[in-house]
Every structure is written in C-alpha cells, then in structure tokens.
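These are the structures, in structure tokens.
Note that chain A is present in both complexes that follow, paired respectively with chain B and with chain C.
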Partner chain A sequence: MKIVVAMRQIADLVEELEVDASGADIDREFVKFVSNEWDEAALEEALCLKEAHGGEVVVVGVDDVDFDQTLFGALAKGADRAVKLSCGFEGWMPTAVRAELLARWLKDESFDLVLTGVQAADDLDGQLAGVLGARLGLPHAAVVVGLEPDGDGFKVTQELGGGVTLTSHATGPLVLGIQAARQAPRYVPISRIRQAMSAGGIEELEVEAPTARAPKVTRLFAPEAKGRAEMLGDKPSEVAARIVELIRAKGISVS
Partner chain B sequence: MAENDVVVIAERVVGSHPDVTFELLGKAKEIASALGGEVHCLVVGSPEGHECLGAADHLHLVEGEHLWPYNPHAWESAISALLSQLKPRLVLASTGTVGIDLCGALAAQSGSMLASYVVDLSVEGASLMAVAQLYGGKLMAECDLGEGPAFVTAIPGSFAGHAARVDGVADATSHSHDGADARMRHVALTEPEKTGVDITSEELLVSVGRGIGSQSNIDLAQELAEVLGAGLSASRPVIDQGWLPKAHQVGKSGKKVKPKIYLALGISGAPEHLEGMRQAELIIACNTDATAPIFEVAHYGTTADLFDLVPEILDLIGG
Partner chain C sequence: MLLAAVETRKIFGGTTHLERVLFYLLSLVVLVVFFAGLGLRVKKYMAGRPLDAGRFRRARVPLEKPGVSAPIPLAQTGVDIAANRTVSRRNHAVGGAHLLLFWGFLGLLAATIIVGLDYDVYGNLTRIFGGKELSFFKGWFYLGYNAVFDTAGLAAIVGAVWLAVRRIRDTKSSVALDYTRAQKPKSGYSRAAMTAGDHLFIFGLILILFTGILLQGLRIDAAGFPSFERWTWLGYTVAVGFGALGLHGSAAGSAHFWLWWVHILMALAFVAYLPFSKALHMISAPANLAVRDPGNTRRLPSPPSGHAGYQDFADFTSKELLGFDACTKCGRCHAVCPARTGGAPLSPRDLILDLRQYADRKRGIPMVLDWEERPDQSGPKNLEGRLAGEVIEPATLWSCTTCMACVEICPVGIEHVPTIVSLRRSLVDAGEMDPTLQSALENIATQGNSFGKSSRMRARWTKGLDVPIPDARKEEVEYLWFLGDFASFDERLQEISRTLARVLTANGISFGILYEDERNAGNDVRRAGEEGLFEMLVEKNMEAFSKAGFQKIFTTDPHSFNTLRNEYPAYGLDKPVMHYSELLASLISEGRVSLSGLGRKVTYHDPCYLGRYNRIFDAPRSVITSAGCELVEMPRNRTNSFCCGAGGGRIWMDDSVLAERPSANRIREAAELDVGYFVVACPKDYAMFSDAVKSTGNEDRMKVVDIVELFAEASGELALAGAASEEAPES
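This part shows the complex of A and B:
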C-alpha cells in the first residue's frame, strides 16, 4: 500500500496574529508557523496503516516557512520519503493553488491513498481533500475518523455531526480529509529529528508557477469587539470569588 | 434569469432538516432579490420532510440509487448534474458534512469561486462579497468572489435572517439520478453510543480544552465539577487525545449544550466549538490568551491561568 500524506504549515494560533501593512494578509515576518495539526493526524493514520499492513508513506507539500522541520519530523516518525515542491510562491496560498501544485506532482506518482488534514485554519477557498479529489478525478471524503483496508478497497468512516458516523466502502485511489487518527499523533524525540536532519533526504522539486484562481482577500481584520466579555481581571482569588457569585446568582446552589 | 439564481443545498443527511438550511434559505432570498433571481432548494436522497422548505421558489427532489443514506460520491455526481442544468450564480451550503465533503470539489469542477467559513454575504455592485472567519476565529477575511458563479459554505448560526419552515411548495420537480459509479457504496450509519453521560441535561458545565495540558490534569477539572455539582465536558482535542470519552464532547461533531452556566477552561473558541455552546445562558471563559475568540461569545472572562484559578475556586467552596 502506498500512502501519500499532503502536509503544510499554518500560523500558530496560540500566538497573537498581526495583520501586515497590506491589510489583507497576516504578517508572515512575525507569525510563528507550525505543522497543521490535522495533517499530523493524517500522517499518524498513514503510519499506523503502514505498521499494520505494510507499505510506504510519502509526505509531500509546498515549501513554506519552516516546512523542512515538518518534513524532518515526518521522516523521524517513520515516513519513507519527504518531497518538497518549490515555486517561489509567497504570501497566503489558496487551496485551489495548493491543489493544483499537488495534483501536478501526483499525476506522475502511483498511490492507493492521499491523506491530508480535514482543514487548515486559513483554507478560505475550501478544504484541500475535496478540491484535490476533483482535480485528480478521484473519489474523496472529508471528516474521516476511521480507515481500514477492506477487500478491493477501503472502509472509510466519516463523522456526520452530532456523533453520527457513516461508513462506506470505497475503491481507490482515494483522497481523504482526516479529522482524527486512530490514536493521538506520536511524539518523536528531538534527537531522532536531528538524526533525520543530518541524514538529509528531503527531495526538493522546482515546479511551475500555479494558475488557479481564488477569491481575492480585500481585508483581514480582528473581529469587531461587539459582544466582548466583561473581564474579571487576572487575580485568581478575586476572579474565583466573582465566578462563585455568578454561579449563585443563577440560582445554582454551591456550598 | 437563471444566471442570477441562488441554489441552497438542503443538508439533511439524518433526522430532520437542520436549522442551518433555513438560515441559508433566508440569506438566499436576500441575495436572489438583490440579483433579481430566484431561489432553488436541492433535496438529495430522501424527500422526507421536504414540505417545510416552502420558502424556496423551486424545490428539486433528487432520488436514485446510492443517494440514501448519504453517500458523498453519489451526492456529488447528482448535485453536479443538476447544477450544470440550473447554472446558478450562487450555491449556498454550510460548513457541515455536505459543505466540507462536496463544495470544494463541485466548485473546482465547475471553475467557480468558493468561500468557506462564511459569516456574512452581500451583493456589492456586480460582485458577491463574503466575510469569512479564519484562523480558528481569530481573524475575519473580507473577500471578493467576483462576478461569476460562486459557492459559499457558511458557519451555522451566522445568518440572522432565518426563513420560516413554510409548508407547501409552489414548484417541486422530481429528478432521478443513477449516474453514480460503484466506487463508493454504503456500509453503515451509526448513532452515538448511549453511555449514561448526558452533558445536555446539566445546568452547570465545567468544560475543558487543550489548555488543560494532560490527562492527569483532567482530575483537577473533575474535582471542580464534583464540588460544584456540575457536569464535565470538553472540546474536541481533549476527546481526540483520549483524555475523556466522546460523550463529553461539545461542538459541531459533539453535543449542543444550553446550560445555565458554561465555564470554559483553556478553550480557544474555534467556530466548531462555539456551534455547540454559544446558546448557553451565561458563558464564563478562562484563557491566558487575551485575543482568544472565546472572549467574543463569553459574558465574563479572565486571562488568569486555569491552574491558578481552579484551586482558588476549590478553596472557596470545597473546604
């Protein structure tokens, strides 16, 4: 079984996000970039499938800030190959563009599955799995929480919301947007990542500039503070007292 | 004229037609009237319960093999076939299962623009302008979808102009679609397990997010919940890490809760989480990041560290 995992970087949402001078993008000089958490779930699922059923895991993505770290991390965790597509693209990359670049590379590869994260925090023009599936003319599904080889294909389980799940049998190749892997993404010690770094092994490919169209972002801004919370301060003892008062004021009895 | 029409994809895949379909119909009417077009509603798979979709000018009931229960591959081909006849200006769906599953592909196939996570939409001149919630709700993006055909997937609860559940549909057309190939076939639809835990019936919920940090810290939240006589709920990452069972999950793919008080500890307030708890009567949020979107929906907030705050509450009432 050959599994391709499409991964990418995303702004770290734990940090404050500044808008740049253009007013239409985040300030990429200051923002910290990390691996997209749902892509990490996709990688985990791929590695678990490989461990259970054998095969090969190839990680691929378009070059971005600190993307090498994500690729080395994937190699350290057990991916067999890591491929970086470079085309000098800068700024916010629409899903349509990412899908175009990945599809061009995938056309020359053979694979049974393409797994990627169900979403990324900036995929304004759609979630990658569906757009890529359409580009490749392959069946696809999103919000996937279960995946098993099954006869001539795979059993794919998706969440339909409210805890209801749908299981389908699908014959590959398939493109799937992974919501959660069968287990939380594995931890890999820094020493193993360092080993992967010194072994090198990222295949870097120059690719042609993309042509896909996407909506034009005219303004990026923090939500208007219309319903903002009344802040209770940050002194824990005082805040605790206010919270207990608020609970009692709602008629809920606490001792 | 068809090129000014707006299509709403009804997103009933189980149960009854969800509220979001009526929010979309309300928005569709507004946009269609600004464009001078009409509203079409697509009901795929089972026609059951379609009578309440009378707010649309035209209803299309699509039935055929593989379309019910919901099958993403078959739905995509059925919707794609119908859209190529209707040639609408705008297709509206939600960021629920159907929107995430299908709209990216449908837009790509037809060369249409797509905006996702949309919370506002308007016609400006010849353009459709959308406002989308990005970066887990931390930033809003205003974007121009241009003058051509477009898809918009909206976050449930965003469009205020709710169309009524109107009985009786003026113009309903039946379509049959058997073009689905066998590459994806139905195996099973599974309801959530009944576990005895019912976070929807609690008056007070102590809810923990990834800020809780580890499985062992769950005990602290559990203790707080017990002392307060509250239920314990959580955001999705806490469940996905295996720190609490699925029955405790609040949000889009978990439970929708409406307690008197929702105490959110270390939860950022991503749109998918807010979907499940924004109806709570009183929301109190504790998050060390003053820019966390949870403070947009919370009534009271604190940037205290939850590991400092929780022991203080326990001290006050636990002793």
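This part shows the complex of A and C:
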C-alpha cells in the first residue's frame, strides 16, 4: 500500500498574529510556522496503516517557512520519502492553488491513498481533500475518523453532525481529509529528527507557477468588538453588590 | 616435656593424616568454587561498557564544591569503608553493630591467614629448605595473637547477634526491611527465598563464630587449662564453663574432634557460598564504594554510542553491574523514595534487584537464595524482552522524581538515577510516554518553554515593574538572571519574580535578563530522557549567553541551577552559577541590607536540586533567620529532605494515580510543627506546595512563602507582594 500524505505549514497560533501593512495578510516576518495539527493526524494514520499492513508513506507539500522541519519530523517518525514542491510562491496560499500544485505532482505518482488534514487554521472549511479529489478525478471524503483496508478497497468511517458516524466502502485510490488518527500523533525524539536532518533525504522539486483561479483577499482583520463584557471581580460580596447595582440601574422586566 | 612447654598449640591438634588430606582437598575444591564464582562476576563486569565512558564530558565546574562536582577522593572512601560511615548514616545502631562485625570478621580473617602463613608456608619452607620445620606461632606472638583475635571474635559475635536480633525484631515494623514489591507483577511473585537467604547468611555466620569460640574452650579444657592460655581469654572463659559443666579430658577432646569438623565444614561452605549470595557484598560493596561517583547523578552521563538509551545487557557500564551486585537489600532507598512512599510502582531497591537478577540470568550466573520467584517469565526473568518497557515496566521508570534520595542514602554507593534516566531514554526513543509529558516536550521543542506560550511572552512578567530590567544582550551586567519557565510564565510566580527584581534593584545589584532568548535550561528534559532536546536547548542557551555580557549567572529555579552549574560546563559554559538564595544571603552577610525582625515561626523545605544535588543548605536558612523568623526544622531536612514530587519531568506527568502525592505527604509533615509559614526557595515548590496546602485542608494553618518574600518584607522597603500580602495566619 502506498500512502501519500499532503502536509502544510500554518502560523503558530500560540503567537500573537498581526495584520501586515498590506492589510490583506498576516505579518509573516516575525511569526513562527509549524506543521498543521490535522496533517499530523493524517501522517499518524498513514504510519499506523503502514505498520499494520506494510507499504510506503510519502509526505509531500508546497514549500513554506520551516517546512523542512515538518518533513524531517515526518521522516524521523517513519515516512519513507519526503517531497517538497517549490515554485517561489510567497504569502498565503489559497487552497485551490495548493490543490493544483499537489494534483500536478500526484498525476505522475501511483498511490492507493492520499491523506491530508481535514482542515487547517487557514482553511477551516476543509476544502483541500475535496478540491484535490476533484482535480484528480478520484473519490474523496472528509472528516474521516476511521480507515481500514477492506477487501478490494477501504472501509472509511466519517463523523457527521449530532454524534452520528457513517461507514462506507470505497475502492481506491481515495483522497481523504483526516479528522483523527487511531492514536494521538507519536512523539519523535529530537535526536531522530537530527539524524534525519543529517541524512538529508528531502526531494526538492522546482514546479511551475500555479495557474488556478482563486479569490483574492481584500482585507484581513481581527474580529471587531461589539460591546464589552464586564468582569465582575472575584470577591463574592463585591460581585453580589455589583449585580444588585446593575439590576437596579437597568431594571428587570418580568413577563 | 613439661619443662620444655612453650606457649603454643598444635595446628591440627588431634587430627589424623587422612583427615588432614581430606581437609586440604576440601579446601582446594572450595577455593576453586570461590574463585570461579568471583571470576564469573568479574567477567560479567568486563562485559559491561567501560567505566570511564562519558568521562570526556567532564569539564571543570566553576565554583567546584567538594562532594558535589568533584569526585570523592579515594582516601575518603577508605575512611568511609573503614569506619562504616555509609552504613551508620541515619542509623547509628545498625552502623555500630555492622562495624563490630566488620572489624571482628576482618580480624578473624587475618587470624586464619596468619596461621596459614605459619603452618603451610613458613613451616613447609623451613622443612624443605632448612630440614627442620619451624614456627613463629609461639611465645609472646601466640599470646598476643590469642588475646587480640579473641577480642575480634567477640566483636564479630556481638555485632552479628545484634544485627540478627534487629532483623527479626524489625522485619514487621520497618518499611526498609519489608520485601513487598512496589510494582506488583500480574503473575504474582515470591521473595521467600530472599528472606531465607538473609537468615542463612546471618545465622550461618553466627554459627561459624560460635563454634569457633566453643572449639577454643574445648581445646583449652582438654589440654588441662595451661596457665598461659589465660591470654586466650574468651576461649579460657568458655573452657572454665565447660569445666563447670563437668566436661573434661578425653570427653572434651572428642567433642573437640567432632565440633572441629562441623566448624570447618561450615566455614568452607561459607567461602564457597560467598560469591553466589548476599555475602558477596563483603567484596562488591567496598569495591563499588571505591568507584562511586555521585557526580554522575548531578551531571548525567551521555547515552552509549549508537543507542539512544539502554536496550540490553551490554549497555550497562561495568560500574552499574558492580553496583547491582553490591546491593544488600538494606531497603534504605526503598524507605526514603517519594515515589514508593506515594504508592507509585517504583522502588529503587526493587529496580536494582530486578536488574541484578536480569544481568545474572543473562550471564548464566546462579545465585543461592537471592532471587525472587515468579510463576511466569516476566520481569527479570524475561531475557528476550525489551529492557526498558518489559524487564522494567514503563510506569516504574516514569515514577522517578530524580530526587536523588536513594543515591544519597545507599550505603554501598549505588547510583540509581543515571540508570533510571538511561532506561527512560529508550522509552522516549520509542515515543512511549504520558501524553502530558509528550505535549510538554513538544512545547519545549517548538517554543522553548513547557507552558506552550510564545517565547516572545517570556519577559511579559516584567511589565509592571517601575524600573525596567536591563537587557543583558544589550548592556553589560554583573549578574545574568536565568529565571526558568515557572518563574517566567506561572502567574502565581510572576509576582515573586517581580519581588525579587525589586529587591535586587533596590539593593543596587547590577543584573539583567535574556528576554525572549532564554530557553528552558533542560535539566528536567534531560532527566525525562529526552537527550536530543536537552542538547538542542543547551545550544540555544549557549548561543544566547554568547550574545550577552555578564560575569555570573544566578537562577531562580534550582533545577536550572543544577544543569547550568554541573552540566553546561561540558558544553562550554565557564561562568560561575549561583542560586538566588546565595545572592540574598550574600547581601545580608556583606551588611548591604538590614532586615527587621518579622518574628514568625516558620519551617523550610530543602529543594532536592538545591540541597542534595548542590549542597546549598545554609544560604536560604540565613535569609530566613536574618529576617527574624524562628526556623523550626522539618523532621526530614537537609540531605534527608523529602521531594515535592515535581522533579525529573514528573511535573509534566499525571500523578492522580498516586495514593498520596509527595507534596501532600510533606505538608502533613510540616503541619505537625505548629508553624504558620512553609518557606520555599524553588518556583516548582511554590506551585506544588500551594496546591498541597489546599488539598490537605491546611489553608488556614499554613501559608507557602518564598524566601524573597520574607526578605522583601523584612527589608522594609517593599511590602510583601501579591497573594502573600493578605492577612497571613499567625503562628
């Protein structure tokens, strides 16, 4: 079984994000970039499948700040190949563009599964798996929480709303957006990452600039505050007094 | 004949030629067994990694302290062994008894060797080369010999009986002597053989000693009480006793004959038994003490080359293998271990015994009554399984707080902590760990702190200070203040950090910080077994140091203090490292501040990494007493301090499985003292004990305060800040 895992970098949400001078992107100068956590779940699922059933795991992604770190981490965890697609793109990459670049590369590859994170902080509507599947003309599914080889294809479990899960059978190749792997992403010791780094092993490919049409961001901004919440403090007596005061001032309407 | 009477006795008096031949044959067999046994052991040690592996990592520590970073000099070890100092520590009764047995036994060994030299060597040499068999075992030498070695015999008997009585009397009541395992194997286990072995050892020894004295009595009785034998005072007294019982002449002689064989057979059996039993510690314990280096715990050794952590027998160092053989099952480590006390599945004693059994089984070395029995092939019987994970359970390894209490008290100089960390490294390499530990390590790897906050937030706590703290990367300062994660990020501790900053500023200390360039120092990361991450943190911090201008470092966190002081020198740090308690104490001793009496009754908790690890006991105490507080010592204080449970990465792991958290145990101890304040000198302690005071319901009786809060309040310039400014309970 050959599994391709598509990974991407996102701004580390631990940092305070700021909007840059253009007003249409985050300030990328000082922010740190880390691997998308759902992609890590996809990688974990791929590694578990490989460990259980044999096969090969290939990690691929479009070059971005510190993307090498993510690729080396994946190699250290047990991925067999790591591929980096560079096209000199800068700034925020729309999902449609990412899908185009990945699809171009995938066209020439053989694989049974393409796994990617169901969403990312800059793709909360989780488009990547769907758009990629459509571009490749392959069946696709999102919010996948379970995946097992099943006869000639795979048994895919998806989470629906309201605590309902759905199981389907699909014959590959498939493109899946992974919500959760069968286990939490494993820890990879720094020494193994360093070993992977000194061994090199990232395949770097120059690819042509994307042509896909994507919406252009016109304005990026922090949510605007609509009214303020008032914190009532933590001394019960003061809180109570303030509540009484507020009720007196604003009145109570009993209906 | 009567006139020619010389003060001596006949060696082999009364035995026939055949019996002598039999004796020598038996002795030969016994010696072969003895040396074969020792040989097997020495070969086992040689199969381990060389002793000095990792010593290249040793770099001189600025401000080297004897007994901390410098190895223990051999001469001191000699004195320790001769005086049984490590045995008497915190247990003078057992130490005294052991000392009597130790020297008594050595005396009797010397006595046997002297007789052998006279009869077998000198006698034979003079007979062969001089034609006439000579002996020096006569006259004044004989008299002195008997007087001295009878005393040794008595000492040995008194010591041995004392130890035996104590073992029987205390087995039920003493935690140390209770052989119940801390980690309970699913299949069950039995340690009855070990108990039997203990009894065989001590009672066998007593029997040998007793029959030896009885023999003397019978011999003197049978010889008709020659008056010079009064020098053989113990034997003579026993002979008088036999006489009083009516045993005389030939009856005494034949009793002597039979008892002689009984005595000799037991003594020979003992020699053969020695290398395969608890008695081995007579050799392995002093040997291990001679090569011990508690510095290995303060400055952990690097992993074996090619392996991240210990994976099989060959990864143990010779020193570790020797140490396993030195363990006497005294249980002192078991008794002091905070993990074991709290109900965790770790006992340092059980760990060493398991590893010893594993190593012996691997090498095919049999043991007489010194193994634990199990119905299945689990634990130490699992010779094919993973060393870290199967032979030793992961939960056992993860339970250690690396508090060093076991290393401190072990009378034979075993260093448990480096072994535990080496085994943990294998678990980390396999990614086997608590999810909370995993996320802490991931946070440290990406953000440089365990809180998972952006590294740019590290100096946020300085907001709200009237006088900003100089940036050591931009201006030259005398002291670089290394805060550590808790003092930087934990809200409860940020106020204490600000108090310390205000105190130092008010006293004109030139100091600065690294702002966002400081990283977790890596002490606990290394002890959790993540060596690669530790090295990465060292590189990052060293890079930050190289960009800054300063002469000395002081830390808030004793854990950071330990690694900066003892481990960073190997990576090039050549600046002295101090703890803030030392800095505050020096302000007082130099007369730069005058503190006014607070008049409070307080107790103080020695942090493991400040006290046991780095021997800083007096500096925090001098701050406390100078602030006019009456210090009531904890029952377990200084080197015997009891861990708060946070060390070695435990602070990042789940401890809800414990029957009682070590911090709660410690607060219960303090609650007995009738003090209003529990003083700490470590940010992790502040966090751990503040929780424990609440969870044990002692909030109204006791308040946790940091030494700098006392200092600030007593110096009058600053009000006791933050939480501590609320009405404190009066003691």
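In this section, the second predicted complex is superposed on the first by the 224 of 255 C-alpha atoms of A that agree within 3 Å, B and C clash if a C-alpha of one lies under 4 Å from a C-alpha of the other, contacts with A are read in each partner's own complex, and residues count from 1 in each chain.
Please note the rule applied: a residue touches a chain if its C-beta (ideal position, glycine included) is under 8 Å from a C-beta of that chain, and two chains touch if they have at least 3 such contacts.
Because the structure is a prediction, the values reported are computed rather than measured.
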**Asked** Of the two partner chains, chain B (first) and chain C (second), which one does A:164 touch, if any: first, second, both, or neither?
**Response** first
**Item:** Partner chain in contact with A:184 - chain B first, chain C second, else both or neither
**Value:** both
**Message:** Between chain B and chain C, whom does A:142 touch in the aligned arrangement: first, second, both, or neither?
**Reply:** first
**Message:** Per the contact definition in the header, classify A:194: touching chain B only (first), chain C only (second), both, or neither.
**Reply:** second
**Request:** Mind working out whether A:214 is in touch with chain B, chain C, both or neither, as first, second, both or neither?
**Result:** first
**Asked** First (chain B), second (chain C), both or neither: which does A:34 touch?
**Response** second
**Prompt:** Looking at the overlay, what does A:14 touch: chain B (first), chain C (second), both, or neither?
**Reply:** both
**Item:** Chain touching more of chain A, residue-wise (chain B, chain C)
**Value:** B
**Complete:** chain A positions within both the chain B interface and the chain C interface are 14, 16, 184
**Contact set on chain A toward chain C in their complex** = 12, 14-16, 30, 32, 34, 184, 186-194
**Prompt:** Which residues of chain A touch chain B in the complex?
**Reply:** 11, 13-14, 16-17, 19, 26, 41, 95-96, 99, 118-119, 121-131, 133-135, 139-143, 155-156, 158-171, 177, 179-180, 183-184, 213-223, 225, 227-237, 239-244, 246-247, 250-255
**Complete:** The residues of chain C that touch chain A in their complex are 308, 428-429, 431, 433, 435, 438, 441-442, 445-447, 452-454, 456, 530-533, 535-536
**Item:** chain B residues touching chain A - in the complex, by the definition given at the top
**Value:** 13-14, 69-73, 96-97, 100-109, 111, 113-117, 129-130, 132-146, 153, 182-192, 203-204, 227-229, 240-242, 246, 249, 252-256, 260-261, 263, 268, 281-286, 289, 291, 293, 295-305, 308-309, 311-313, 315-317
